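Below are two complexes that have subunit A in common, paired first with subunit B and then with subunit C.
Let's turn to the complex of A and B:
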């Protein structure tokens, strides 16, 4: 082929463009995804003079193709000849930043942000900044929303006159007529504030922030809450009270629950940003209100933050604030009417014990833990159990064991298999903390019952759980307590249970070691090779393959090999297959 | 700091959501739709209640019909003020007396504004609008079910409906009253008012949306100064729905209003209206929940076409652009809409779109989903469409022939196969010469296609080989360059290093 010399003219642009124009969308998409290959074939100069103009002109395609294109162009700098020529990529990306579809636009903006760093300061002013201005004053809202994401990347590297223009454009977009643009501007307000000089943060950003935070649409107002975190971080402490706090107080009491939800959701960030003094005076009462909000969504979001909020309180007054202000609200939430609120609280409440110490935990928190352990909603109980380790460190788990057991038993028998699955996952942890005696007495039977659950996922998890228990309690314990029960199931009339025996052996053999495996498990497996159900037989083959490495070679030759050979001649095709596989893996042929 | 009054933590009416699972559930743990629905069937009150500072005790006022004429307006006013008090409906036994007084007062107001003349005098306008605003404008509560499916799930009903309904009824009668004076109302029913009214269309309660629809329609009809603003805000709601949230309960109702608005557009269409069609109505077809408002949407689209045939091409090309790729249910809806459009298309417009359109129709015919194929093939049962096809047989037949020929041999569904035979027969009768030519050249075309396929594979293979070589040489070049730079740097650094060592 003539291509050997890598001649540029080998592939006329027309042929390549035909590929990009193919009628079949899928083929077009494939071609666009390999745009770099095409560009490479054309060389940098023809990519700049022929390919890019073509791409700029024909941006009327399926959104999926446009998305791929927008992504590709972000990595095109080398293919057009390096940073010197990177501005050639701006025209197609500018068009892509104005299309209707959000994902395409966002990707175009992402690529523009990426290549903005590859522009020299001069190119940034000559090529990039005018593009931002054009987008910012575009007719349709799409281009103006895209512009919002580009201010912060060019602002730091342009002259002060251009900076003033950029600030003006941003101001305009913050008071844009369409709420879509105001939302875009509000969501970029924090990012933009970070690159501005402090004097402009105070003069420009604060007024924009105040205006957006009192917008007529709650979807705009709630975005201002996010910006509040960044802005508060940038300002010196003494200015926060006058510049930020009035707006924040207003947001925490907004008439729309969405805004209050946002405040609750960002509470830890806000707390860090405004510092300890304001936290004590303002955020504590605000947090109390959010915990008592009339909408469950808001209460749940606030409940999620209880631990983090308490943790970050100033040390000198932490305990007093928690005991007098936060704990009363928490107590009420324990008996909330909404299960999401209770379950959010249950996922963090245990963390309070480390903050409050042993005595307070026993006196004040323990009753709450116990109440939540008895909650009607399984998620609440589960969340408490999954965080037991926090309490264990402070007061020891024994304090809870009386209430813990009924809760565990009930979850273990819950009608929802996902709940059962979740509690199984905590078994090794619980076993470790409660000790082997307690376990044998109370929990062992549960673990065995899961092995015959009617949902496969539970049986599988139960098998895995046994392995972890053996790792914790040792092989001897395994031999005495669980191996006999597991092997007993080999005679069960239900073939699913017989298979569970095999799965358990697969999982346990390594942890139990050679002796137990050879003496106790292997005979059972070999015997099961005569099972009348083919599924059991091929699982015997799989099991032998799995436990083979644990056995010694004499035993393999004398006992395993004949059985596998017999199975390899089975009439069932799957049994044959797995037997043959085991023979070859164990090198018994 | 005083905390606002709030709902008591547990009111008797709020059911405790127990987890008693019916025994049928125990088979597997997946929540059944039926169960979820049962739990959802509870009503919801909005957040507004919390903002009432303190509960006022209502005392019954004299009846309006008994009032002497001189005191009538004063009494009417007092009743309006009385109706500004809000009640907690989640707690169904709270303040029953107060609720009853307000209900009776609202009934009287409705009755009075609907039947007696001369009641609506200027001073009553601000009071009436205030009463309406206080009652209906509220932040809608969070949805009980975050993935609420309007087709499957029961909507959450507004708890305060017994009062709210009467307020809406009053508002409607107020707007429809022969005494209603737009010039007076426009001072109070302003842009801010309309914006809040539009936001209520997101209510999950269909009864509320129904009232809102009629009311907004009246407002649009009577307050001319608000028309452009209303259209713009509806645009914004739709755009937000399409590109941001994909969630808004009142799309169908708003489209219904727009349907009749479009009907009244003046000709030639303003560019604002065309933009609305192309940039809002057409993209609305991409919504996941299209089935809920498709009928209303298709009506609007057809209205546009009937107004001005020149928009046909925009519409068809737009639909083709957003043609569903994976959702066959939506594909059937699109085909339905295309048929509605073709029913009223002008032949001259048809010619402009026939090529891309019939390529898509051919693609639908070869869909393995028989409902899609069937819906597309039904076009040939439509006489008007058939006449258009016949007129343009020379163009259309070559576009669909290959598909029909292939699908007739391989479709799994017998109904489709027989429908295709009928279509082929129709074509044969239309133009037997062309039909025979296409049959004869079918194999050759297939061969050509395969050849193109091979050429393409060859081209890409070559390109990729070349890329590999280039990347290799580029890699080498950059390595060389790096080495060079490193060597330079080392030679520069050495004296410095040695200098540093000496200090």
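Let's turn to the complex of A and C:
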């Protein structure tokens, strides 16, 4: 590898190796991240016999170093000599899978799962499966939780005797003393069920599922709900009623709100997994109960699912179910006491109109939309406004515009700037839906008022909004409605407003095109180069740089260049800097 | 140690005053926190003695520039996590910030460098002829490292009075005067508010939370006590916000006994679930009460800790002593309870026999390996020489913090800057005959 005189190429590697145990965490981290370089230099044999044992022995490091190491080792197969030797990576990863830091363990498990596929069936039984067993029967819960994530990757590829052992280990972990291990097992139950033969799903998994779903700790029970989705998908329809539904019904009425929340949160998945018949008979009443739950968190989670649930109802009875069972609950939620519930509902309720069609929407949903548009909580109103397009397709927006306008105006003037910011973001959408006429008449003045808002973020968003409006309504519209107002602000006594003119010009010049820019905007910008505030002057330089490409070269030479040269000699250092920058970018020197 | 004791005899500094004492789940370790923000961990030797294992600075004094408030470094509470692996974890808190510490051992270090020789001198680069990976791990002196793993900050507007780890081993609570927050041990940037007593208008404030604790087995149950003498049990299953309690433990006060001090002395200073999870032990200024979780209207047992002070409340109010917060503890089998008092006395009550004993933790009476003699406080004339009159009690010497080993009859008593560890000589004498296991110890910073 090296000659007697020493080898220069070894030096950088020697540094990296030494830094693996440097006192400084950052250096160790850097070195670990280049572990593949070290391994390449050492060659596959020394990597296996020296580097990996060293790494295994020194696992007491900072989390971030261990995390990087766990990740690296997942991609190390070729560096230890290919699939034939991949099992050499197991010892360090096994240690990493037992450390107390969750992120490190999870990463180690991820890498172990990855390299498990690179094991030959024989190696899997000789090396990998024993590791899973050791982890599964480890003294500390950390190793047992890690084992939970490894069963499903080795199960499909081992002999039936070993399979039986694996099932037994999984059963043990499902009834582990510590809730952490039971939680880990519960969260992997669905995944494990997927790789099991159907007979064992019915015999083993169902009993584990039932046990975990009635665990004394609600943190375990709620994870069983997630497994319910996968298990239900695996079983034939005729078995669902006896094997899954009793547990699911129990979960939907669990004493703990967190479990019911989980049911609400997974409702669409559950609905798909159990199929239309059970949905009609069981899930509809369950969903009604969740929408009326005493805990607001549960109602909000269920409200979020209203549209999806309705969409996925069997077509033949969809309308009847919605009208007789769901809509009455939805009506109550519109006047819920909790604003999160109302705002969750407002974010999906408009979607019901496409499902129910024009007549039902006008008769039943419109009053709800209108009520929510008048809600005291701005978030509810915003959520309605942000989904206007769904309604527009079905009944046209005119039905709503009477109530819409006051709602928009109120939000536009809300005392909280984040609310104002949110409504600005919906302006282009609203403009598209309402049409130019309505916009000019009612909303244009709002858009202009935002330009002089006292919060910079609002002025900035308002500027950006103008660009989008011009893209929508065209340059001619801009010239007649926006540009005069924007340019008028150039004479405002407040320098912040004068700068807004410049920002608007930056944003609009491209959308407005060469003619408007040259004729109307450029003169104003050039005139502002005499502004007494330096911030305005250097923004003139920046504006000129920005709009330069839109202008023709005559204009650049004749009008822009002299002004920039003047600014480049300004007494303010920033003005000079930006003027010089503009000169060079526009190639006017 | 004995020398240190003499040196610092009467003028210890405030930073050394112990403010928290807590045994680990196994009892192998004992942690103390002090007003100087330090944590000292003791490990039980095979012979039974506890020796210093690790000392570290957990909290530093800080200044909140937004509110112009000084934040003391004093450790308010320490709680051990159930053991996860060979390392040990504990939560410590001052008024505002909770920290998770890992205490671990290291006894070997890697050696053999490419660029340095055995003595640590840099090698000549041209002499590097091969790469040395060197899994050479040389043994070294046992090094106990305490490393800060998480900081849970900025969640409390008021002073944190308690922390408690949930039996799900995933979450813990922290309580301040008005709110209780729920944290995930892995997540530092958010917590959930589960109890909020803050009224819309602070002038309507009628009670503050004094202490809060999770049930030892049921992960959804927590108890919190208030300055009005009530203890509430909350079920986290029923609602996300536990403002509505499941049970309220409160004893009706005879209106005839009402006085100016009634409310102050009824304020609950500590709450501990029994190991069985069936009972709640509460401590107020004058008494300790055991409540059955199934009976809310009165305690099943009431123990007078120092009823003779009832006539002295006025003096105690003037010296602010009446606001002292005494802690209480159960023994491993829930058959005896223990709590502190004044004059370096602490009291133990045997629940079955109803016998009680007063013992003293002070340097004068505690000789190494000596058996502690019971003390008596008499109200009138002295009956025995060893009796002490109420009027001669020293109210500056108080035992606020006590802890009982989770299984054995070993107790730890903090008396100002001293920590006393007593051990039962005959295990069948439940906590009555105690001998001092080690000399009084000072919680001084190790010499640097």
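By definition in this document, the second predicted complex is superposed on the first by the 571 of 589 C-alpha atoms of A that agree within 3 Å, B and C clash if a C-alpha of one lies under 4 Å from a C-alpha of the other, contacts with A are read in each partner's own complex, and residues count from 1 in each chain.
The rule is short, and it goes like this: contacts are C-beta pairs under 8 Å (C-beta built on N, C-alpha and C of every residue); 3 or more make two chains touch, one makes a residue touch a chain.
Since this is a predicted model, take the numbers as computed values, not measurements.
In the superposed model, A:455 lies in contact with subunit B only, and not with subunit C. Contacts of A:419 after superposition on the shared chain: subunit B is touched, whereas subunit C is not.
Of the two partner chains, neither subunit B nor subunit C is touched by A:172.
Look at A:332: by the touch rule set out above, it reaches subunit B but stays clear of subunit C. By the document's definition of touching, both partners, subunit B and subunit C, reach A:256. In the superposed model, A:285 makes contact with subunit B only, not with subunit C.
In the overlay built on the shared chain, the residue A:268 is in contact with neither subunit B nor subunit C. Once the two complexes are laid over each other on the shared chain, residue contacts for A:42 go to subunit C alone; subunit B is not touched.
Of the two partner chains, subunit C is the only one touched by A:51; subunit B is not. Residues 1, 3, 6, 10-11, 15, 41, 100, 102, 140-141, 178-180, 183, 216, 218-219, 255-258, 294-297 of subunit A lie in contact with subunit B in one complex and with subunit C in the other. Across the interface of their complex, subunit A is touched by residues 1, 3, 6-7, 9-10, 14, 16-19, 21, 25-29, 31, 47, 49-51, 139, 141-142, 192, 195, 236, 239-240, 243-244, 279, 283, 321, 359, 456, 459-460, 462-467, 469-471 of subunit B. Of all the residues in subunit A, the ones that touch subunit C in their complex are 1-8, 10-11, 13-15, 17-18, 21, 41-42, 46, 50-51, 53-54, 57-58, 60, 98-100, 102, 140-142, 178-180, 183, 216-219, 254-258, 294-297.
Considering their complex, residues 1, 3, 6, 10-11, 15, 19, 23, 27, 34, 36-38, 40-41, 62, 100-102, 140-141, 178-180, 183, 216, 218-219, 255-258, 285, 288-289, 292, 294-297, 332, 335-337, 339, 376-378, 414-420, 454-455 of subunit A touch subunit B. Contact residues of subunit C toward subunit A in the complex are 82-87, 89, 102, 104, 106, 110, 113-116, 125-135, 137, 167-170, 186, 218-220, 236-240.
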